[in-house]
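Please go over the structures that come below.
In the two assemblies presented below, chain A is common to both, partnered first by chain B and then by chain C.
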Partner chain A sequence: MEHQALTHPQSVAPMRSRRSLSPTARAWFFLSPSMLFLGVLIAASLLVLRMSVGTKGAEWSGFSLASYGQLLEPYYLKSLLLTLRLALISAVIAVLLAIPVAYTMSRLASPLLRRVFLAAVLLPLLVNLLLQSYGWLVILGPAGMLNQALIGLGLIKRPIMLLYNQNGVLMGLVQTAFPLAVLPIASAMRGVARSYEEAAATLGASRFQVFRQVVLPMSLPGIITGATLVFAYNASSFVVPLLLGGRRVPMLAVMVHDQIAPLMNWPAASAAGVVLIVTTLLIMTLSEYFTGRRRRMLEASQ
Partner chain B sequence: MSVSSNKRQALLPGETGRVAGLLSAFILLLAVLPILTMIVMSFSGAANLDFPPSSYSLQWYRAAWHTFVSPDASDVLSLGQAMGTSLLVACLTMIFATLIAVPAAYALTRCEFRGKAVALQLMSLPLVFPMVVLGLALLLVFDSLPFQMTTSRLVIAHVILALPFVVKNCTAAMLGIGSEVEEAARMLGATPRRAIVDVVVPLMKSGILAGMLLAFIVSFNEFTVTYFLYTIDVMTVPIWMYSRTVSSLDPTVFSFAVLIVLIDFVLIWALEKLVGEGGVSF
Partner chain C sequence: MTGLILENVEKHYGTACAVRDVNLHLPEGKLVCFLGPSGCGKTTLLRMIAGLESLSGGEIRLDGEDIGHTPAHLRNFGMVFQSLALFPHMTVGENIAYPLKLRGVGKAEQQARVVELLELIQLQAMIDRPVAKLSGGQRQRVAIARAIAARPKILLLDEPLSALDAKLRESMQVEIRQLQQRLNITTILVTHDQREAMTMADIVVVLGEHRVQQVGTPIEIYRHPANEFVADFIGSGNIFPATTLGNGRVGLPGGDTLEVPASHSVIVGEKIKLLVRPEDLQLSSPQATAGNRLLGKVTFVRDIGATVETTVECSGVSFTALNTPCQGMDLGIGQAVSVTIPAQACRLLSA
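Up next, the complex of A and B:
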C-alpha cells in the first residue's frame, strides 16, 4: 500500500489530481443518478402539462383549452374553492396546535421523553394514511367515540353526522398533516438560544411575555414553513377526503382520480393536476420569499 | 417537571411549565388517537364498529390469521402475495434510494458548484409535489412505454418519493464529519475515491442507515401514488387492504393494521436510537 502512494506522487497534492474535472462537472456527476430519477418526475409533469391541452380521444395530437374551461364551471370551481379553504383552515389549526407541542419538544430535558414525543409526532406522518382514516371512521361514526363523548357531556341529544361532510374531513386533514407543522417549528425553536429568554426574564418579562415577544417572533420562519407545508400537503390530499368524505367532499385530488378511473378523461384530469401543481408551487415560492426576508432581518438584527 | 422535586423553586426561563407540558401531551394524544383507536378495535369481541367495544376477544386476529393461511377464493390476490410485493418494493426502494443519495449528498455538502441552488430545490421537490399528480404523471409515462413494467414502476415511484428523506439524512450526517478528515486521508496518499469510500462513508454510517430506514418506511406505507400504478396482479399491502374494504369495513383489517403499525413503530424507534433525538431530518 505504501509503495503505491510513492508511485503516484501526484495524487498526494490535494485538489489537483491529473485527470481532474472541473468542480461543477464533478458535482453534477455525483448528482446524476438522483437527477435521473428527478428527471422522470419532471418529464412526467411536462407530459401532464401537454395532456392538459389535449382533447379527449386525441390526447397527444389535439390542442384545446376546453379542459381548463371546464374547470371554470360551477361544480369544479366549487371544488377548487373547497380545496383551498380546507387546506387554509387546516394549516391555521395545525400550526396553532403545533406551537405548544413544538415549544415543549424543543425544551424537553429527559432523553426518553424526547424520544416518546418524537415517536408520537412521526407516527401520524409515516403510518399509512389509509389505516389512520380507518381509525377516524371509528371515532367519527354515529356510534363512535366522539358522538358518545358529546352525548355523555350532555352537549348533544342525538348523534350528529360527522362522517362524509367537511367537518370530518377537516379533522382528518389537521391530524395527518400535524407533524409537518411540528417538525419545522420545533427545529426553529431549538435554534432560539436560551440566553435570549434569560435576558428577557432578567428584564422583568413574565413567562408568557418571554414566549410571546421573544420565542415566537424569532421562530416565525419555522412557523411559516410549517403552515406552508401543511397547506401544500392538504391541498393535494387524496386519501382523507376519499375515505372520510365519501364522494360528498370533492376535493381537487379526488376529482383528478375520478376523471381517470370511471371517466377516462385524461385531459380533464391533467388540467386539474396542473392547477394543483401551480397552487403548490405558488404557495411555496411565496413562503420562501417571506421566510427568506424574515431570516435576513433576524440575521441583520443580531 | 424536573425542578418540582426541589422546594417551590420558580421555573427558570426556557423551561416549560407543567401546563404547557400537559397541553402538548394532550395534543399529541389526539394526533395518535386514530392509531390507538384502531389498536383497541382490533381486540373487539363485537361484530360492529361501536367504540368502545362491548366485549373483547381475539376473534379478528383468528380471522385475520385464517385469511393469511387460506385466502378466500373471492380475493383477487392473497395477502401473502401482497406482503411479498410490499417487502420487495420497500427493500429495492431502500437500496436504490441510498445508492443514489450518498453521492448526491456528497456533492451537496462538499462541492461549491454552479447550479447548487437549483439542485437543492430539485432535491426537495418530491416532498411538496402533489402525490396525485405524481401518480397521474407516472401512469402517463409508463402507459406510453412500449413494454410492460409492473413491480419496477412501483420501485421507481417510491425511490422518487423517498429520495428527499434519504438525501437530507445523508447530508446532515456528512455535515457533521468535517472536511478535514477527508483532507487528512488525501494527505496520507488516498485517492479521492478511496478517501470517500473508505473514510467518509463509514463515518456517516448512522445517517445512511437512518435514511435507509426512512426510505423503507415511506415505501412500505405509501398509498396514493401506488393506487394509480398498481396492476391487478401486483399490489402492495395498503392497496390490498383498500380493495378489501372498499365496500364495507370489516374488523379483520384492524388486526392487519395493528401489525403494520407495530412494524412502523419498531422502525421509527430504531431510527430515533440511530440518529439521536431531534436528529431525524426532513
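Up next, the complex of A and C:
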C-alpha cells in the first residue's frame, strides 16, 4: 500500500476524499471547543501581562516597570512571602492529613462504602467556598458557638481569637483544599497492588514498614500531585483569607482585589497577579523536576 | 517431627468453603507441588501457610511449633507471587537486599549476600538496574533471589511461571528445580500445569473440589491415581465405565471382557471406572477378538507431527491410542482395527 502510494500518488486520492478528514484533523476538530476556551484564557493572561507593564490611567499605551518595582516594597514582598508560606504549609498539612484517609479509601473492599467515603471527601468541592467560610465563622468566630460554649462553661472570660489570624486562615485553606490532596493520593495508592504489600510482609516487613517502605514511596507521584494541586489552589485563594483572615492576613489575591476594587490600579494588580502565576509555575516545575525520574521509573513497570 | 505439618486445616468464607480438612506432612528439603484446577483452593492453602490468610480451623506446625496464627512477617518464609511483585521503586540489588535490611543486617553483609545471590542467578551485571529494565525471565530470577535472600525456612511459589511463554517456562522449571536441590530448601509450588508438577516435584499433592485428592510422587500419581478426579486431571486418559466380573476380569458396556490386575477389594458385579493411558494401547491390523484384543473402528485421527492420536470405537466405548509416527499404521476414518489393552495397563477406579 505504502509503496503504491509513493509511486502512484493519484491512486490514493479517491480514498482520501472518501474519508474526508485525516485522524489529526479530526482530533483538532474535537479539541476545538476546549482550545477556544483555553485561547480566551491565554488571551486574558496576555492582557494581564500587558497591563502589568502599563501605567495607571494608560494601561494599554504606557510602558513602565514601576508596578513590579512597587512589589519589591516590604509591604508587598511580605504579602508574597506570606502567600507562598501559607500555600506551602497548607499543602504539607493537607497531604499529611490526606495520606491516612486516602489509604483507607483505597483499601475499602465494598463499592458502596467507597462511594460514601468519596462523597464525604468531595463535599468541600460541592459546597460554596463562601458558605464553608461562613460555617467556620459561625463555629469559631469571636461570637461563635465554640467561644460561647466555653464562656458558658466558665472556662474562659473573653472569646479566644481562633480566626482573623494566620492559623485561622491556614485551617480554612487546609479544609477547603482537602479533596484536592485526597483524590490523587487515593488513586495512586489504589494503583499499588495488594501483592506488593503481601510480598513485603512475607519478606519480614511489619504493617508500618510495609506502609512506610512500599506503599508510600510507590504512591509518591500521587502525593506530589496532591501537594502541588493544594499549593496552586491555595496560592491564589481569595475568599478564605478575606473572610477568615479579616484583612489581617493579606494574601496576594486579596491585595490584587484591593488594587482593583477601591484603587482602580490595574497595572499594580496585574503585576501582582503575574508574579503569583510565575512563582506558582516555577515551584510546580521544580517539583516535577525532582520527582519526574521516580514517577517515570514507577510508570515504566506498570 | 521436623518439616511442615498441616492438620485439619480449613478455610471458610461465610458459608462457602475454600479448603476442607487438609492433612499434610511436608518433609524437609523436598519440593512439594500443590496441583489442581483453578478454584480448587490450592492458592488459598498456600496463602494460609504464608500467613496471608487466617485459618478457619486446624493447625499449621513447623518443626513442632504451632505457627498457624503467627503474622506473615514473623514466619520467615520466602514467597514468590504470580505477579512477582518486585518493588518498582527499588533497583535489583535493593529488592534483593530488602528482606536483609528488614532484619537489621549490616550494609556490608547485605552487599555480600546480594552479590552472592546475583551470582547464583547469573545476573551480576544487573545489580543497579531498575526492575522495569529486566526481561520476564530475569525478573523471575530476581523474585526468587529476593525470596531466598534471608535464608527462609520454606520457599513458597505461587504459580510463578504462568506469565512466561512456553519455552522460557520449561527452562525456568529446570532452573528452579536445580536451585532448590542445590540449596536443599523446603519448597511448595502451586501450579495448575501438571507437566510443571511432574518436572519439578518430589511430592505432588493433587487438590480438587477444595480437598486433597491424592498425595504421592509424580509417577505414583500418574500410574496409580487414587480416584477418577486424579486420573482425569493428570495426563490424558481413557476412562470408561465397566463392571467387575471376579477372577480379575471386567465387562465393558459393549459386552466384551478384559483381563485386569487382580484386586482383592473388588466385589463382583460392582460398577467401576477403568483407566487406560493412551500410550499403553497397541493398535494392530484387524483380527478376531481374543484375550485383551478388541476389534474396533477408527473414528478420528489427530496427527500432530511428533505423535499420532487415533480414536477407536470398540465395545461401546471410545479409546484414544497414542503412537509415534513410525509405529503408525496409516489409518483412515472408518477403517477396522484391533486394539490390545495390556492387563497391567488397566487401573480400576471406584466409580
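Side notes on the structure shown:
Following the convention adopted for this analysis, the second predicted complex is superposed on the first by the 258 of 302 C-alpha atoms of A that agree within 3 Å, B and C clash if a C-alpha of one lies under 4 Å from a C-alpha of the other, contacts with A are read in each partner's own complex, and residues count from 1 in each chain.
What we mean here is this: a contact is a pair of C-beta atoms (placed from the backbone, for glycine too) under 8 Å apart; a residue touches a chain by one contact, two chains touch by 3 or more.
Remember, predicted model here, so these are calculated numbers, not experimental data.
On the shared subunit chain A, the superposed partners chain B and chain C are arranged side by side without overlap.
After superposition on chain A, the vertex angle at the CA centre of chain A, spanning the CA centres of chain B and chain C, is 90 degrees to the nearest 10.
By the document's definition of touching, both partners, chain B and chain C, reach A:198.
In the superposition on chain A, A:206 makes contact with chain C only, while chain B stays out of contact range. Contact comparison for chain A: of chain B and chain C, B touches the greater number of residues.
No C-alpha atom of chain B lies closer than 5 Å to one of chain C in the superposed arrangement.
Annotation: chain A residues 198, 200-201 touch chain B in one complex and chain C in the other.
The touching residues of chain C, when paired with chain A in their complex, are 50-52, 71-79, 81-83, 85-89, 98-99, 102-103, 130-133, 146-147, 150, 156.
For chain B in complex with chain A, the residues that touch the partner chain are 2, 11-17, 20-21, 23-24, 27-38, 41, 48-52, 99-101, 103-104, 106-108, 111-116, 119, 122-123, 125-126, 128-134, 136-141, 144, 156, 159-160, 163, 167, 183, 186-189, 191-192, 217-218, 221-224, 227-228, 238, 241-242, 245, 249, 253-254, 257, 260-261, 264-265, 268-269, 271-273, 277-278, 280, 282. Residues of chain A that touch chain C in their complex: 193, 195-196, 198-206, 209, 213-214, 217-218, 220, 294, 297-298, 300-302.
Contact residues on chain A toward chain B in their complex (touch as defined above): 4-5, 8, 11-12, 14, 17, 23-24, 26-28, 30-31, 33-38, 40-41, 43-45, 47-48, 51, 97, 100-101, 103-105, 107-111, 114-115, 117-124, 126-139, 141, 143-145, 148, 175, 178-179, 183-184, 186-187, 190, 194, 197-198, 200-201, 207, 210, 229, 232-233, 235-236, 238-239, 253, 256-257, 260, 266, 269-270, 273-274, 276-277, 280, 284.
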